[in-house]
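Paired with subunit B in one complex and with subunit C in the other, subunit A is shared by the two complexes that follow.
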Partner chain A sequence: MSSGSNGARRIASVLRPSIANPGVCRSCQEKTLGRRSYAAAATNTAEISSSPSSTTAFPVIKPSYTINAGVLLSRPPQITRDLTPFEKAYFFYQKRLNERLALPFTKYFYFKRGTPADEDWKRKIRERQTAARDIGKYNAYADDAWNDELLVGAAESEPDHQVEMLVQDAEATVNATSQDTSKKEEIPRPFSRMTEADQQGDMKSLNRALQRTLYLFVQSKDGYWKLPSSPIEKEETLRLAVERTLAQSAGVNMNTWLVGFHPVGHHVYNFKKPRLDEANGIEHRGEKTFYIKGRIMTGQADLTVNTQGLKDFKWLAKEEIPKFVGLTYYSNIKNMLADR
Partner chain B sequence: MAASESSRYLARSLPRAFVPSVRPQGFCVRRNASDQASSRSPAVDLGELESTGALLPGASESEAVKSFDPAALAKGRKKQLPRSRYQFRSPKYDRGPLHPHRPPPPSDPSSRLYVPGPFSLPRVDQTYQSSVASDILTLCYVHNPPGFKPPQKSARLRTWDDSSPYHKNRPLRGPRGGDVLRLLRKPITFNNIPKIERITIHSYVKQAAQENSGWLHVAGMAVQAISNSRVETFKSKTSVATWGIVPGRDTVSVKAELRGENMLHFFGKMVDIVMPRIKDWDGVKGSSGDSSGNITFGLEPENVALFPEIEVNYDMYPPKMIPGCHITIHTTAKTDKDARLLLSAMGIPFYGKMVN
Partner chain C sequence: MSLTTPLRRSAATTARVSTSTTFICSQCRHATLLRRPKRPYTFTQLITLSDGSTFTQRTTSPAPVYRSTRDTRNSLLWNPSSSKLLNIEDDEAGRLAAFRAKFGRSWDANTPVEGEEAKTPTDKKDGKQSEEEAAAEAAAAQEEEDNLLDLISSFGQDEHDGRSGKKK
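On to the complex of A and B.
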């Protein structure tokens, strides 16, 4: 092969738009995709072997980084999210439209004539004018059925109001159909969507921010907050290192599940000045941390027996994280975090 | 050969390099609509917007808002409005684009085809979006180094080897070992994460042919109650001599097809209310599925009766006539393995040997 043709190919490869794979960066393309003749490869190896580090089979990459294994331990949302005002209004409007368009409720199928349930039904339909219990007082078959939109400030579209109406309806049914008229039956209301931990601002509790995904953050002995991580030891896979990190940092009192074997993100930390290792002359640049995703099922973090000198931990939702961590760190990890 | 090829590249790409570009090359400032919006000072634009929306709790309580009462306004009107102001009936048929009166699109509430909804944000969907989808994406990730090229696979349909003149213009042959073309499974990325597409509830009631149609009516009502959608009835296609069923004569089954909100609410009820209460139930058999991502399982009549809609009103159903049913969950997964991964993440237990 003549050198002239090789040079022409080089120039062409630089000039033409990347035909190989536009998703691959140029250095990788040159490494793996560039068509190299055997002769060129042979001369390259010869150069490497002639260099001072000829005793090692593999060339050592000069600037070295510490490789860390980190874990992004999260608690998924426990309840549905709050609806936006627009969603509330929209869903309510659709329910009333449906009431106008759907077939009427088939009462004869559900209530036998003369039963207490039937009497109760008649009383309620007189009050409510519709079978549905969550659309307020609205008769879809009356002359003013066109007036189906709520006025400003009406409470009917609020989920809390609808739940209250449902519970009151159930209570009325129970009290009307029960034999014992002396005592009033109470039907338990659903639990509050805000917990005690929310009100107290307890960031260590897993019972807080039930609508959000929470992430475990720990405070290192230097006082800065980070996701739990530690250097990978020799002959250890990333997954094993993450399991060890979790046990060493947050204790074994957690039932966790690590999602897969691949990292979901990474963070590179460069020292201000590279540290030179005198023993082998390697420049030490900083740290690279690879994060594996984990889910906590039960249990709680416990730092009493941790071997990494951690001081504190917190369960944080996504929008609380920037208050505790640095800007670069957050911008590196934020794409791993779920929106909700 | 190689030299000529590279010179061809060179010949092609050189003129392109020397063509004067329309844009100035020196500084590459690409402007998008998004950064155009953000680069402008926010104070200038936001002044035009209302600070409070009508839907927010602290909405403006002006005099006009307080005194607005459309019902009283309509009652107080002396003369009736012209009919065109309050009454519009969509024409029944679409007579083409040149006709002066055309029906509105089906999304318009005044259309005859309008179906209201959605009425809620289903919990199952929120769980899927917030945790299941991203976990599946992580679990299904396969790392390929940059520049990796997957090995070439042979064509799915085989060509004829042209050993005979009769091979000319023949259609391609099917795959070896059977003529079924399986679905192609592409690597799972952010835009093809498996999700539930639709659910079919199907109930075959043999007594509808043997005894009376009441069985079919009850089965239809029960399936409608648990699914919140209309059922279709079907006649038997096959003859079953022992049950006395003749194809084309006996109406023997009901089917409901659920999509969207109905499907998600049904799935949620089934997984969280019915399945935990089924006695001595191991789960869905691991060998279930049609090897293209759709999983089917059955529910016995006593399990169907556990659905809350039937349970609250249990006395109204003749207890013997409550049907069992087959439930097929159609997913967008291309293999049963992926479908099972999705469904087990959503809460359906599987047992036994997993067959793909």
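On to the complex of A and C.
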């Protein structure tokens, strides 16, 4: 809620460039504006009476900006992040500690005496001395149960190793208890956390960088990269303009969901030299782009039918973005992007 | 006053008093044995969902790997846009086809008949003929429906016919 009103306020301040003084902070600005509206009406009238002399000296030129609607289309992370070494060590310590604290495993509740499963279980327990498969060889009831630390370079705390141990245990059980000893049962391993697109460096695929949020960037016909955006037409809200932009730039073959009606950020681009329109008395200074957040559910961007002359698109994670966009552009959009 | 004094006794006095056998400890502050919490033993289990995504969880079950066959990943409710899960009837044994061969397709009115789709493009050329055909088809369908309704309504009334006739 606070961010929404905050964003609205920020837009309001951006949309009033004539009133906004860049040297004054936002809250002070609003305070002075509010005070002027009702408390200091007298000074206001005085200002107005004094202003005509200045306007006659210089012709009134209204500065104007093109208002663009942009979309920050993102794909959320698909898998959990990799653990840090400290987190791995912590979780491993907790597992061995739990081994000492919890009640012992009640074997005969799960395995009937004398069955092949029971025999298999006994054999495995003799081997690894504990019921758990993922904590390595550790006996919580021995005299040296205090010695629960891993040696340097031990793989037991790695999640991959733990999963491998679980799968191997399942395979061993299946092979030991099955009637048919000729063929070995194979239990499929989990898929790799690195996909094919990661290895090939395919930045167009949505199947890459599964741990990160990806953002859709398009390359304009001038060759620079940007978030998809286009000027707002007359009688069009920001949201409608964003929907139209998305359809015109990246095609309709995407199942997307726009988050809210408020923009999450903006980017102001000033021309090096303001373009003067003599006929209307308008000084065209640049572009202001307002971004609405969107999520992609299914589908893929398709530039073959785009009407904005876009050349290429990429799905980029946060740290890859500065390689493609300018410094000011990145500093304007970076606070809209999620850390992961 | 006399009530508060035993509570505020110093450590030295407690030590002296506790040696006597008749003392009843009203408030003890020394460490007692911490019992093991009554928590059941838990294993780490690898769950594999139907689309191949995996995660581990702590569970009391001693099975190391669990593969689910039906979950949110292959349920139509959770995947409304999935073409794979669209309602396509699987008729492996051919029993539905056999039923249709015997009783026709008027029962499943929602599904289009196979021949109908092929017919429609040709119908556009000769409109009049198709109209006649459609009228004839509609009449036939109506007749069939009437027959079926007659069949249903006349079921079990044959033996009562004589009686009802008398009453009339």
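As a working rule, the second predicted complex is superposed on the first by the 279 of 340 C-alpha atoms of A that agree within 3 Å, B and C clash if a C-alpha of one lies under 4 Å from a C-alpha of the other, contacts with A are read in each partner's own complex, and residues count from 1 in each chain.
By our rule, contacts are C-beta pairs under 8 Å (C-beta built on N, C-alpha and C of every residue); 3 or more make two chains touch, one makes a residue touch a chain.
Quantities reported herein were computed from a predicted structural model and do not represent experimental measurements.
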item	value
First, second, both or neither for A:110, with subunit B first and subunit C second	both
Touching partner for A:83 - first (subunit B), second (subunit C), both, neither	first
Subunit B versus subunit C as contact partner of A:98, first or second or both or neither	both
Which superposed partner A:144 touches (first subunit B, second subunit C, both, neither)	first
Subunit B versus subunit C as contact partner of A:297, first or second or both or neither	second
Contacts of A:260 with subunit B and subunit C, given as first, second, both or neither	first
First (subunit B), second (subunit C), both or neither touched by A:330	neither
Which superposed partner A:131 touches (first subunit B, second subunit C, both, neither)	second
If touched residues of subunit A are counted for subunit B and for subunit C, the larger one	B
Touching partner for A:65 - first (subunit B), second (subunit C), both, neither	neither
On subunit A, the residue positions that both subunit B and subunit C contact, one per complex	80, 95, 98, 101, 110
Interface residues, subunit A side, partner subunit C - complex	79-80, 95, 98, 101-106, 110-111, 121, 131-134, 159, 162-163, 166-167, 169-170, 173, 187-188, 190-191, 255, 297-298
Subunit B-touching residues of subunit A, taken from the complex the two chains share	1-2, 4-5, 8-9, 11-13, 15-16, 20-21, 23-25, 28-29, 31-33, 76-77, 80-81, 83, 85-89, 91, 94-95, 97-98, 101, 109-110, 144, 146-147, 149, 151-153, 213, 259-260, 262, 264, 293, 295, 338-340
Of subunit C, residues touching subunit A in the complex	36-46, 48, 52-56, 61-65, 81
Subunit A-touching residues of subunit B, taken from the complex the two chains share	2-3, 6-7, 9-10, 12-14, 16-17, 53-57, 59, 61, 65, 68-71, 74, 86, 109, 114, 116-121, 123, 126-127, 129-131, 134-135, 138-139, 141, 143, 145-147, 221, 313, 316
